[in-house]
Structure formats: structure tokens, C-alpha cells
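Dropping the structures in below, format is C-alpha cells.
Presented sequentially are two complexes of subunit A, the first with subunit B as partner and the second with subunit C.
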Partner chain A sequence: MSDPVSALNGASFSGIASVDESGLAGMITLRGDLASPKLQAAVTSATGATMPEPGKVALSVDGGLCWMSPDELLVLVHYAEVEAKLAEINAGLAGEHALAVNVSDARAVFQVSGDGAREVLGKLCPVDLSAQAFVPGQFRRTRMAQVAAAFWLDQDGSFHIVCFRSVADYMFCLLSTAAQSQSEVGVY
Partner chain B sequence: MLILECPYCGVKAEETELHAGGEAHLKRFGPGSTDGEFHDYLFMRENPRGVHFERWRHINGCGKWFHAARCTTTLEVFGTYSAQTFEPPQNIRDAITAKRPGWSWRDLK
Partner chain C sequence: MSTRLAKQGRLIDRSKPVEFTFNGTRMSGYEGDTLASALLANDQMMMGRSFKYHRPRGVVASGAEEPNALVGLGNGDRFEPNQRATTTELFGGLSAQSQNHWPSLEFNVGAINTHLSRFLPAGFYYKMFMYPRAFWKHVYEPFIRMSAGLGKAPDPELKDADTYEHFYFFADVLVVGGGVAGLQAAKVAASSGAKVLLLEQTAHWGGRAPVDGGTIDGMQPEAWIEQTLAELAAMDNVTLRDRCMGSGVYDHGYALGYERLTDHSPGNGGPRHRLWRIRAKQIVTATGAIERPLSFAGNDVPGVMLAGAMRDYVVNWGVTPGQRVVIVTNNDDAYRTAITLHQAGVDVVCVLDARPMGGGALMEEVRELGIRVEPGRAIAKVTGGKRVAKVAICAQDGEGGAQEEIAADAVAMSGGWSPVVHLWSHCGGKLNWDDAQAHFRPDASRPPLGADGADFVVAAGSANGEFALGATLSDAAAAGVAAAKAAGFDGAKPTVAVGLDADEVAMQPIWLMPAKADIKLRMKTWLDYQNDVKVSDVQLAAREGYESVEHTKRYTTLGMATDQGKLSNINGLAVLADTLGAKIPQVGTTTFRPPYTPISMGAIGGEARGDVFQPIRKTPMHDWHDANGADWEPVGHWRRAYAFVRSNETVEQAVAREVTNTRENLGLLDASTLGKLVVKGPDAGRFMDMMYTNMMSTLKVGKCRYGLMCSENGFLIDDGVVARIDDDTWLCHTTTGGAERIHGHMEEWLQTEWWDWKVYVANVTEQLAQIAVVGPNARKVLEKLGGMDVSKEALPFMEWRDGKLGEFDCRGYRISFSGELSYEIAVPASQGMAFWTALMEAGKEFGVMPYGTECLHILRAEKGFIMIGDESDGTVIPQDLGLHWALSKKKEDFLGKRAHLRSHMADPDRWQLVGLETVCGSVLPDGAYAVGNGSNANGQRNVIGRVTSTYHSPTLGKGIAMGLVHHGRKRMNDVIEFPGVDGTIYKAKIVDQVFYDKEGEKQNV
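Up next is the complex of A and B:
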């Protein structure tokens, strides 16, 4: 068996903020009726997180739930447990009109932390990232320069960015360039 | 810069996060229609100076299609609304009437 590796093998950069590739993360994309009690029970029991409000992320010790769109969730789990969790969710969704797929190896995850984290993201996305507008727990799908991305803000002030694995290198270069030392804009 | 609020995810999305989908509320004329109707359906688009209705897709966000009513000269947005409708809802029409009394677009007034 081959050993799974993340897109950039934990690459990191340090400037006005630290940019780190987070490594392997288990991710399941789920499409379905988010108001359905059966679907809610399946995902909350698999992750231990509560159902997220629109535009929010709900995290637990072992996973999390990200609100992607009115009919889509991104389920975060440990990488080693993806297949088991997927089977558990599918069992809970029996009879529902829903689709759950393991997308862990199709994605890359980055963490941007430090004082300049808001600045780094602010340079790349058309999103108001001021401390009043973007608060911890908020989840946003958007565009970072030329690629689609999604990110959420943790309680500790660090951003977690999810993008397609095929653009992981582009994303890392982008974040590193935006995080060059002495490149503070001073907006946030 | 055009900023539209996506009615599905509530995000105030800037233009580069969206994809323009052309004119809204087209009625399809397919098999069985006259050549004239099919011609108009295919080619004849509104190009107004003022109130306009368009389809947009929140492509770098929730991925949903929606409708927007805006002014093409001032980029003022009157409102956005669901894609699951054949014509603009009354609250959007009222919002336009408040700003542009006497507006008209195709057969809407």
C-alpha cells in the first residue's frame, strides 16, 4: 500500500503571518436537504459537532461541519477515519435523497496564523475581513486570486483555508507572497 | 464595482465572485413554435439604459443561480431574488418604482 501524503508535504512560510500546509484532513462533501432531521442526526453523530448556521462552521474535538450552500455541507473528520465515518453517514442517510462522497484526497488545507493573518487574506479575496465583520466561527466560500477557496476563522485568530489539491502549489505561493515580511498594509 | 447580495447564502458578493448569466425571465420557444418566435427567443435581448433584470450565478460561493434587478447606468442594485420564479416579485417591483417611477422593461411596468 502507498502512504498517503498531502499536496505539499507540510510546506510552511513565515512573514507577516505564518502559512502552513495543514497536512492530511478527512473531508466528506454532503449534498441533501439540510433541514431533514435524519440528515442532521447522521452528520452530528458522526462528527460530534452541532448543525452549523448558514455561513458558519461548527467544530468539535474530532471534526466539524461547514455550511457550504443551502443544500451542501463539508464534513470534517480525521483522515484515518474517513471511510468509517462515510459508511456511518451513509447508513444514517438510508432512504434520504442525499449524496455523501469522500473528497479528502481532492483537497488541500492551509493554516494562516499570526497578527497579519487578516491582512494576508484581505489581499487575496473580495471579503470584508475586519474584526467586526468576520468573526471566529464564520465560514466563507470565495475566490482567492484566480482560484476558488473556502476558509473559516478559528477562535485563536487563525484562518483555515480549503482549496482543490490541484491548485495547492498556486495557493501556497499566493499566500506566501501575500505574507511577505514588511508587506503590512495596515488596514486591519 | 457591482455588489450583489446572494439570496441563497446571504453573502454580499463582489462582481468577481459572481458569473453573469445574461437576461432574466426569458420564455423558451422550442419545437412547435414559429420561426419568428424562435428567432426572438434566440437572438433578441434587451439592452436598456436603466432598469434591467439579469441572471447571476454565485460561482465562487454557494454556486446557486439567482436573479438581480439593477440599473445599467448607475450600477444601483434594486434587489436580488430567487431563481425559482418567472417574473420579479412584488417587493422588487416596488423597490424599483420607488427609485425609478414609470420604469418599464419588456412587458413589465
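Up next is the complex of A and C:
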């Protein structure tokens, strides 16, 4: 394997919040019956995370499970282990109707952190980002300005944003624009 | 003259002078001034000229409703036209220009129009400029554009220097308006625990109360405002925003707030405007009321002003618009202006009260101050050119015979107050006519309704028609309780502040002054200042048969200017109703539409400008292409290289070079943008058979098949190569523009019609970088990289294998869209650039060159392959394109099958795809139509075909084309004619569409 390169090679910006491209992350799209014990066993054992509630992400040291829709999970694993984890999940799902595919390279991941993080996202997505409404562990599929995106909030107050790789450049410029200095809204 | 007073001016800081310029003249004001108050302080009463007659116009109001004082603000990349001087906060270095004057504000050529006004009545443009037709474009329109129009557009070569943004916010209760009603409503609603957002359009809280006086809870209004504001600011569940106008209310509790962040200090960093996109469970409109002008002759002369506004200028900014002021009114409120002016030392010459019995307590107070009060009297006419000079007084109940002429330099008028019902009405809230107060006010029993059928807007305070201070506050408290409750918060504490102000007696509606004013006076009596609409215009419209207020509005242009008739609408429709002999509520109002006042285009666009104007999708090799001469073309949101242009050649030359090189040596195409959809499940085979017109369920693992997709109406919607991955998995390639669309198409059928089929679809387009390796040397370069066996035997045409090439894990497809020996190799996107580089390196000795989409098009056209979007356009079926072979006859059904049986689809007269070659070898114009004999019912020549793709073929050295032609396949070798837009008739021969390597030997080696 050649050295894999993320879309923006770790670009970063600092304004009212910090914007950083996180680099490559292992991601598997899994479609199937989320209530199936076999599926639950396969993904929880592959990631060490528990099954997420709807609208939530469940994280572990080695990965995580994001609830995408009633029949879809986004499985987070270490980038280097994605093919092995995919094989492991597929083995666990043998005989069950499901679809698991590696989408790690189809994505770009950004981290937005700092005091202004909630406001930066609040400028771009139609989501209630107040501290009361959006709490750590929540996972949201939405749009950011003109592109599709999903994000979760971690315990440290950082947002992790997933978008398509082809629009990584747009997303980075967008987040940097929203984080421009002297643009604090002052509500969160 | 208008001048700064020695005292008063609660909003200005006299210790901080501010320099600015108006039409290039240096002037001085104070911090806290608006541009309007600062101009008045500098005796600049005249601020612009009117739209149609170029009449001199002065400021008439003090807030957002101002129709006259519009200026061009700023310079260069910060210039903006049509800015209201009344809502422009003064800052150091402000530069303003008056509008619609030529050559200068003082001397204006266009003002001749005012003398021609009897020739420019309502509907003049419609009547005059209809005929002859051709004159509109070449004579009338250029003339009108010169003489009419307000602000100038900014220089198109300059870019706005500022940035803008949006912000999404969610609240239980949104309160629009930070006057005492809004503050009271917000306080009560917030006491329930509801999350409250309170918006105020100006930089100051409290609205008119500090100017109008009275007491609240025994305090001066200002003290109560300060105290309430502090209480609200201390609550975690309350957000306060000033300089933020609630500009529109929309369905589902959606509202817009327009925040002006740096208009008062341009260039100081940060975004200029922020558009708040608010979702609120309940909305309280505490938007106040607007005073109406009175309709008398000369009511547009600079110096004639709303009585409430004149009071504002004195109290808020310490400016008096005149030294000798006449006040004319039909209600008690204007007496407050008399008192205010008197206390400020201004000479109030007299108060003309159109009511025969005059007013109540406030009138008595004014009389006691020694001011002359004349009940039953009116203004016959105001005279003066650029400034009020004389006021002629008459009986209100007469024809305007002047009984007395008074010298004065300003007139304060009050025709009563209208609640600002705009936001209530935006989403369907209905109004009632209030006879006693002569205005439309919200009908609480017919509010705007949300998706659940429940009301979501409550009007409060004077916006609800409750004008007395006490009534305003108790109404607002009730609104706060109601909104909180409807938002799900029951515990609001209805602490009502007690407001006390003077008792007022009834106003009397006065729609024309004097009541029987003759036509000479009516022709000088303005309704709409900005659009120059007079009483006589509306009356003329009524006589000409315009009964609907909506039609009259458009015919006369009443209320159609940038102020949207905030001052003129009620007066105009009252005149219309009177002329028609109807009652005002029968005539009704025009429609209130957002935004409340104009908002900047920048705010609407938000962050979308420059680099983030639009998302541009980039493949992993995008930057390399850009650095290597890519001439970009948009394909959906993707950018694809049209050609890789070298420094010594044109784009056309680059394309020709790429075609020749690919045919003779080796070409590389970035095919990463092509859609890749994985379809998997026990029912995937049957699903694939429904999606595609050909049989896909029988495809063997390891093999590829070209397939067509039709809509349920039988039209061709996409095509591409399908690969069978394993027993229950297929990989579908779509066109670049088709990936998301076809993914959605598949999901729609699976979710709505075949929800019980066990099939999952995933879009993996961006997971893979895919490179087409094309040309006689294609196999050599892959063999040089080494790894998987790419020989004819191991990887035959239309098959695929997983393996390794060099250090890259890949999937290789043996497919060809060019007619050459060709592979498409897919690698993980994060290694795409490295793989491209490896191929370029290894390919050097084989003459490798990258090629772009135009070369791709020519290669496929030489082979007669169709392109979705060229040969298909949403009206074309596979049969038109001779693709019968791809329509399975064995399958019971597929999407489009039934549609193909319709008579029109099976019609032998449908145009058929053929090849076309001009007789002389030139290139046919794209999209050209072939003409036949005779003409159609419209006298146009009959058409018998059209060009769908046309290129110069470097391989064949001549023009080649494809087209759809009537009975085309039966007409081989016929020559047909294509008239070009350049006047040339192109003659082309109908030929087979496969121009190159008809036997397909080159791709199968």
C-alpha cells in the first residue's frame, strides 16, 4: 500500500474557534437490521463501543458507532485496521442480510474546538447548538451551508465533522470563514 | 432653519463630535446622531429629490418608515444606494450623496417634470409607451431610465469589501420589537422559564416611550426601561439583540432577524450583517405603530414632517426642524409635539385641529402654555420651494378658500397612527378595521396558523392597536403569558407594569384636507412621497375603473417604492374607498410581504461568496491537474479537466493532441467522478433487473455488462457498466452527474414500492480514485507496474479482477469507452494521487499523456457511443438510439417497459440516431436542426432532425456528428440541410454512427 493521504493533509485555522483537518479515519457504512443480535454483536465487538441510541454516537478507545438512520450505522475504527474490521464484521454477519462497505477514503474529518465552536457550527447548520439542546454524545446528520455533513460533540467540547472528501476544501474554507476573528455571536 | 438646540438630545454625546460629508460638503454632528438628525442640525432640510417629478424632498419621519431621505452611502467597494438617513447611525468619515438629482441637488433639470405633472398622471407609462412596440426598447426605456430611478447601482467592477453571515437560532418565544411592549412581553414570557429572544431594530431600547412621556410603575419611562433591561439581561433564558430587525415571519415558526453589526463603524472587522434564521414556537410582534401624514396640498415641501418625528428630533437628538412651527392634527397625540417644541424654546405658531370640537386634556395643556389652537381648521396649502415658507389656513369642512396665511418654516402633521401589522400579516394573520382609531389592527380570532393548525403569532401593545401607555403594557403582558403558554410554559408571572399618561379624546379620520379640496389642490396633495403618487392619481384610477386596491396599487405605483407604502397605504386606500363610495374594510389592504424594510443582498447570501460561493468537488488528483494545465469544465459540482493545455498550444490543439496520442500511444483519464453504487442483498438480482433495461441477474461473477436505465415513463435516464462482485453484490457505474440522482432513484423504489425486498444500496463513489488507462500501450504500462495479470487471457474484455499493481491494492476493469485497449483501475482515494504519479512515471517510455473530457467525448463519438445528456435529453428512449439490443425481451418487467408500449413510443416516425458527415468535411454546428419541406402552422420551416453531438475528429481529419433524424436509419447516404445561425446552409450526409474501427478489433487485443 502506498502512503494514504487525507484530502487536505492536516490543514488548520484559528479564529473564534480552531479548525483542524483530523486526518484519515477508518469508517465503515453498515446497513442492516439494527435490532438484530448478530449485527449488534458484530459491531460492538469490532469497535468496543456499545450500540448507540438514535441520534447518538457511542465511542470507545478504539472506535465508535454512529447512528445514521433506522437501518444504518457509521462504524468508526482505526484507519490502519479498517479492512480487518470490515472482514470481522462481515464474518459476524454471515447469513444475515446486511451491507458493510469501507468508506474511509470517501470522507474528510474536521475538528472544531474552542469557545466559539458552537457558534461556528450555528452559522452553518440549521441545528440548535445551545448547550442545553446539543450535548456530548449527540450525533447529527445535517447540512453545513451547501453540503451534506454529520457531526458529534465529544466530552471535551470539540465537534467532529464528517463530510465527503471531494468537498473537503469547501468545508475547510467554510469553517474558517465562519470562525473568522471578531465574528463572535455572543450567545453560546 | 433647522438647528441644534442648546439642550435635550438624550441619545447624543455632545462631548464627541463626529465629522462627515454630504454631497462633498463637510459637516459635523455628534456621536449618537442619525445621519438625518445630523443633517437637520446642519440646516440641511432638503435631502433628496422625488422619483418621478424630481421635487425637492426633506426628511419626513425619524425611523424605518422614512420615504424621502434616501442617500447613497459610502464610496467604492463600500458604496450602497437607497440608505435611509433616519436609520443610518452617524460615524466619523461617513460620506453620503443625495440621489436622483442631476446635475445637483439644488439645481435639478428633471424638476421640469413637476410642471408637466398634468401630463404624467396615473398609468401614464402604460398609456403612453404602449405603441409603437419597437419604441419601448430603443426610445422610451432609455429615456425613463435616465429621468427616473432612485439610487445608483454600485460599480459592477468592484466587490463588496465586507463579509456577511447567517446564524441559526432556536427559541420558545421570539419577541420582535424592543419598545416598552416588547420588554414587558419578553419579561413575562421569560418568567415562565421559556427561552426568549428579543430583537430591537435600533441601537436603543424602549421605543417611543421616553419621547412620549407618562410614567411606568411610577418611574420615568427611561428608568423603567433601564431596570427591565437589566432584569432581562440577568436571565440565562433571555437573549437580547439590538440593531437587529425582525424582518419576516414565515411558515412553521420561521422568522428572520437582520442584524447590522458594523454599519455604525464600517471596516472595523468582523461580518457587516448577520441574518438570524430563527425557529420559534411562538412569536410576539411588538412592532409599534407608524404615524400617518395628512393629505393637504404641499404636504411634500421640505419642512413638513410627522409630528411624532419632530418630537423625536427634539428629545432624542436635540435638533429642531424649524423655528416657527405650525402643527396640524386630527388627534390628541400631536399636542405632545406642541408641548415638546414649546419647552425647547421653539415658536409654535398655532395648532390646527381638524376636529370641530378640538381635543381633550392635552389641548387644554397647550392652550395654557399660551399657544394658539384652532379647532375645525385645516391647511389649505403649504408653499415654499425647497423649504416651507407659508401655510395657508382654511376651514376643514370647505373647499380650501384660505382665510389666513402664516409664515412658518416647518409643519408638524399627524393623521393618526397605524399599528405595524406587517409581521402579523406575513404569514396570514388577518386584520380588522377599527372605526374609532381609523386603522387596521390584528384580529386575534384570525391569527397566523402553524402546521398544527394552532396560532403561532401574538400581536402586542401599539402593534395590536393598544395605544395608551397603560393599555399597551397590560396587552403586552397578556401576550407574553399567552405566547409562553402556547410554547408549553405555564408558569408565567403576569407582572403588569402600570403605565399612566394623559387621557385622550377620540381622533377623527381626515383623508383629505380640506374635505372638499378642489382639483388644483388635490394635484399637489401627496400620498406616496417616494413614488410621487397624489390624491388625484388614485381618484383618476378609480374613475378609470380600478376597484381593487391591488390593481390600483400597480396602476398608480402607490406603495410600490422601497418603503413599500409604510406612510401612504392607508391614506391611499381611504381615498380610493371614498372615490368608489365604498367602506375602507371593503376595499381592504394590499398584501404585506417580508422583509419589513429592505435587507442587504449580502446578508441574504451570507458566507456564500469568493471561495465558498459554491462547493466545488475535487478528485484526489485535482491539484495535479490544476498544476498541469487543466482547462476546467464544470460537471455538476465537480470540476473536470476539459483538456491539459501546454504552454505552446490552444485548447483545440491540446484536445487534438490528446486524441491522437491516446489512439497511438497511451492516455490517462481521471474517471474518479463516475458514480459507483454497491447493490447487495438476496433480492439484488431481481432489483437490478428492474432498474436496468437489460438482464443483470444473469451476469457472471467477475464480468461486466453495459446497461441502460429508464424512468418509469420509458425515457433514458442513465447508463454505465455494471460489474457482478459476488453472488448477491453488484457494482453499478453511473454517469458523473448521475451518482446522487441514481442513488436516490434506487432508494426511492426500495423505500416506496419494493420496501419488502431485501436490498441495500450504498454510494461509494468517493471511496475510489478511478483512472482510465487507454491506448495501444495500456497493457504495457500496467505490466511494467507489475502485479496482477492483465493479459488478454487473464483479464478479458468486459471482465474485472481484484489484485495489486505495484504497491497499490486495486480493482481493474477491462472496459472501453474509446474503442482502444483500455483498463479502468480503481484504488482507494487516499492513494489516488500516488497511483496517478506512478502511472505517469511508468508511462513515460510509452508516450503517456493525461487527457480531458473533450478528448473522451471525441474518442467515444468516433466509435458511435452515446453520451447521456448529449444523445439523450429526457425525451429520448433507447429505441431512438438504436439500442434495442439492450432491451431485454426475456424479462417480465423493468422500469420503462410498459411505457415503451405506448403508441407514441412505438411510433415509427420517432427520430432515429444516425451518423452525420458534412459534404465538405467541416464541423456541423452543435444543436443545429435539419429542415424538410414546407412549413408548420406558425410559418416556421418543418424540421426533420437535429445534431446531438458534433466534433472535429483528429483521427479521421474531418467533422463527425451524431443526430436524431426522421426515418434516419432508412435514409443512409441521403444529404440533408442544416441552416446555421451564421446564415450558412450545412449539407450533411447520413451515415453509420460508428466512424472508427467498426469491427471493434482495437479494443479486443
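The criterion applied here is as follows: the second predicted complex is superposed on the first by the 187 of 188 C-alpha atoms of A that agree within 3 Å, B and C clash if a C-alpha of one lies under 4 Å from a C-alpha of the other, contacts with A are read in each partner's own complex, and residues count from 1 in each chain.
Definition applied: a residue touches a chain if its C-beta (ideal position, glycine included) is under 8 Å from a C-beta of that chain, and two chains touch if they have at least 3 such contacts.
Remember, predicted model here, so these are calculated numbers, not experimental data.
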Touched partner set for A:Arg143, first subunit B, second subunit C, both or neither: first
Partner chain(s) touched by A:Leu174 [first = subunit B, second = subunit C, both, neither]: second
Superposition-derived comparison: subunit B or subunit C, residues of subunit A touched: C
Contacts of A:Pro70 with subunit B and subunit C, given as first, second, both or neither: first
Contacts of A:Pro126 with subunit B and subunit C, given as first, second, both or neither: both
First, second, both or neither for A:Val101, with subunit B first and subunit C second: second
Touched partner set for A:Pro54, first subunit B, second subunit C, both or neither: first
Contacts of A:Thr29 with subunit B and subunit C, given as first, second, both or neither: second
Common ground on subunit A, meaning residues reached by subunit C in one complex and by subunit B in the other: 126, 128
Residues on subunit B engaged by subunit A in the complex (per definition of touch): 8-14, 16-17, 60-64
Of all residues in subunit C, those that touch subunit A in their complex: 163, 165-170, 195, 239, 268-271, 274, 277, 279, 606-608, 611-612, 614-620, 637-638, 678, 680-682, 758, 760-762, 764-768, 807-809, 828-831, 833-835, 838
For the subunit A and subunit C complex, residues of the former touching the latter: 1-7, 24, 29, 31-32, 71, 97-99, 101-107, 119, 122-130, 133, 145-147, 164-170, 173-174, 177-178, 180-183, 185, 187
Interfacial residue positions of subunit A with respect to subunit B in the complex: 54-55, 68-70, 72, 126, 128, 140-143, 148
